[in-house]
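Look for chain A in each of the two complexes below; its partner is chain B in the first and chain C in the second.
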Partner chain A sequence: MEKLHFNFDTTDAIKKPVHVGVVASGDLEVIFRPTDKKTEVNIVTGSDGFKEVWSNVLKRFFDRYPIQANIEINDFGSTPGVVNLRLTQALEALNDEK
Partner chain B sequence: MVEINPHDLLKIRSIKDLTGNLPDWALKMFPESMTVVVRRSPIVDDKIPVGIRGMKREQRLASFVNRADIVRVTTPYELVQKQLWKTARQDLPAINALPAVSEILKNYRWGISGSVGFELATATHTAKMSSDLDLVWQAENPLSQNEAKELLKRLNQFGVHADLQVIQGGNGFSLEEYSQSKSTIMMKTLTGPILVENPWNK
Partner chain C sequence: MMKNSFVELHARQRALSLLDENSARELVGPLDDMISPHLEPQNIVPESDDGIVLMKGTIEGKNVLIVSIEGKFQGGGIGEVSGAKIVAALEKALEDNQASKTIYPILVLDTGGVRLQEANYGLLSISEIQNVVIALKKYVPVIGLVPGRVGSFGGMSITASILSYLIATNKARIALNGPEVIEQEAGVREFDSSDKNLIWNTLGTKQRLATGLVDEVVDDTVDDVKASLVNEIETRKDAHRTENVDFYLSLLDKLDLSKKLDIETYDDLFKQVETVKHEIPEAETSFKEGTKSRGRVWFEAMTGIKNATSSVSTVLHAQKDGKEYVAIVPDAENDFPRVRDGEVGLQEGFAVASVINKVVAEDKEKDVKRPIILIVDVPSQAYGYQEELIGIHVALGSSAAAYAKARQAGHPVIDFIPGDAVSGGFLAHGLQSNRMIALDDDSITVQAMSKASAARITQRTIPELEEATKHVPAMAYDIDNYEKLGALYKLVKGIGSWETTDENVATINSIIDEAISGLNGDTTLHFRYETPIAKASGRKATLKVRQLVAEQW
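Entry: the complex of A and B
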């Protein structure tokens, strides 16, 4: 198990929390919470040694969608494709509820 | 020629039939079972996408085997028909739950995947005390969200977390996610995951 921490300089503050994904093999749980601090991503993952991959996936995401949020991710061996999909889904959930 | 689907367990002749270089854990673990799991990915030129399992969750490795090198195909559904849990390690919560689970699902076309399915098929010690019970179900009819919640509640009363993946051809989605969904859910397809609003619409 590995704990990863990332910070991003983003400015579009989210207004309400969202929770997507499930606790299951090959999947992950993503929680976005509003924050007035810097954007922070905390990841707990069962698959060690993928810091670089996470960093790239997150950087691409925040380049496109510069939301400001406190993000918690619990990963159970998901692929980057599933991670991207869950982040997109969380974003859609935010927009749905605006 | 038998059909090959995601979650099927393939026994092969030799470790040399797997493509790519194998890490130490795979070289050590694989000969015990000689069995790989079919991944949800397209089959091109009779090359079957497979995964090698290790003891730990992060020990998974993607590889391919040629259809011609397969000795035996075991489906998750066969494990249920043969009631293989009867001769398995009863001290594991996930295996201990199976007689009761099979009673609840007796009218369903269901199978056992994940580490428990692998253990039952290969008679190796792959599941752990903490293993979830991953099940697959070829649904004939859609369930409402309430019916899904009710079914999952019944399946989860035996001290182990059980989820049912609903199988539609090459696609699959989590019944748990569907039961809790307020908008979209993830559908795993042969060409990658997608978000869908109604997973029962094929």
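Entry: the complex of A and C
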């Protein structure tokens, strides 16, 4: 298990919290919470040694969607593709519901 | 038309798929930050809902509480937070039903049982779930749904046996011990865990339906599952699965123990057996010494019965000074090979249930109910193929249910623990008590699984497991660490497990009397999280969960 922490300079404040996913084998859960501070991403992952990969996946995500949020991720060995999918789903959940 | 699979859904989606549209409200959900405090210290990734989804809502207009276990997170194992969520929500449902606000509890079981990384909390919680299920059944059916893929195993299979009505799909299995654990404990000849056909034919729901261990097998679609639930809410059927003690004791009498039981033979026996009333008489003095154990020496010392013997050689009970003493003991010559070291097997579970049910029936009209004293020295449940085929989880469920009913009827149920208190054995004989008194002796093991099995299942080496348990009381194997959870009424110093002198017996008896007089009508299991140790450290997360559930209910 490894804990990772990232900060991003983003601008689009989110208005409500959302949760998607399950900490299943090869999967993860993602929680977005509104914040008025800097965007913070806190990750607990079962696969050690992938800090750079996480950094790249997150950077690409925030480049495209500069949301300002407090983000928590619990990961049980997902591939970068799955991570990106769950982040996008969380984003959809933000926009979907009223 | 496309059919929507129920099994393929996650726990939260399962709950939502059953509830009327826009009726669902989740309690203590992922945003409430109630994660397990015990996983990260063991280098395990936690989940924000700890694998339990509690959802209130309606099904065809009727109020329900759905407790949905996420089988994909840590195998659906029950730890402190997850267990407390279930117990707290079911207790609120009980309060509502008692106040004539009918709410139907539905448990979606997809669980390996106790979460081994939080084993001691898991065992405590599971006994508390069983207790509140028994209480709820006086008002509403408590409905179980076992969709698969995990199925329902371990302590939660015992819970499943106690539920009013069990609906399953053919993708589920139900058993106390998984085949891997049986293979680990009893050898590959007992149960070959690589033989998938044998496993499914034995533990699969088709076989379970044929022998009354589930009540209905439905196709794996959301619509079929929901239709069965709706029907059960309307018809309120109850299988009374843990009340067939005489049937099972009669069945066991007819079992040919000289050869390995196979499915066909068992199915025939199941159909043919004639139920004969069984009574387990009080233990008597004999000339032959029984197999020595801590449980036996204390039973004999406390009741004054030398070389105690009984018609079921492993179950001793007797009345002394107005108290009923019950012990499960080893018998090196027992016909059932898997209980020779004192494990709790089929006969033990059903026989103890028979004893306790009789005590409750005899005292039914009395104002003051006889205290029941459990002498606890149970190294585990029995690990065996025929045990699983017949349904050892029902045997253990029968005794757990009997003790819970006795306590709820007003009998003080007190544990005296001079020996081991492990796993399913402890759930069947010990964990339904109001107060636990243990000796502070190094020889005592309290746990959910042997180190060898726990290491195998959690994919660690035994040294790694030992290293992990040292720092986490939730996983400890010794009574001193167990005390840190706060569940004990008293840890008695200075008396060894074998030291049954008259003076020591008198000391223990006075502690038992003090515990009984301190009950003041308490028939619950709440004492465990109300002790100073529990409040200060041992059950902090439990108490937080209970508070949140109460606030959000």
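Quick note on the criterion: the second predicted complex is superposed on the first by the 97 of 98 C-alpha atoms of A that agree within 3 Å, B and C clash if a C-alpha of one lies under 4 Å from a C-alpha of the other, contacts with A are read in each partner's own complex, and residues count from 1 in each chain.
Here, a contact is a pair of C-beta atoms (placed from the backbone, for glycine too) under 8 Å apart; a residue touches a chain by one contact, two chains touch by 3 or more.
Because the structure is a prediction, the values reported are computed rather than measured.
Student: Overlaying on chain A: chain B and chain C, fit or clash?
Tutor: Overlaying the two complexes on chain A (C-alpha atoms) leaves chain C and chain B clashing.
Student: Tell me the contact category for A:V44 with respect to chain B and chain C: first, second, both or neither.
Tutor: A:V44 sits against chain C, while chain B stays out of touch.
Student: Per the contact definition in the header, classify A:E92: touching chain B only (first), chain C only (second), both, or neither.
Tutor: first
Student: Looking at A:V22, would you say it contacts chain B, chain C, both, or neither? Reply first, second, both or neither.
Tutor: A:V22 sits against chain B and chain C alike.
Student: Using the touch definition from the top, say if A:G81 reaches chain B (first), chain C (second), both or neither.
Tutor: first
Student: Can you give me the overlap between the chain B contact set and the chain C contact set on chain A?
Tutor: Shared contact residues on chain A (touching chain B in one complex, chain C in the other): 22-25, 27, 46, 76.
Student: Per the contact definition, I'd like the list of chain C residues that touch chain A in the complex.
Tutor: Against chain A, chain C makes touches at 10-11, 29-31, 40, 43-48, 70, 72-73.
Student: Okay, in this complex, where on chain A does chain C touch?
Tutor: Interface residues on chain A, with respect to chain C: 1, 17, 19, 22-25, 27, 29, 31, 33, 44-46, 72, 74-76.
Student: Residues of chain B touching chain A in their complex?
Tutor: Residue positions touching the partner: 56-58, 60, 114, 132, 134, 161, 163, 174, 176-177, 180, 182-184, 186, 192-195.
Student: Within the complex, which stretch of chain A touches chain B?
Tutor: Spelled out, the residues of chain A in touch with chain B are 21-25, 27, 46-48, 76-77, 81-82, 85-86, 88-89, 92-93, 96.
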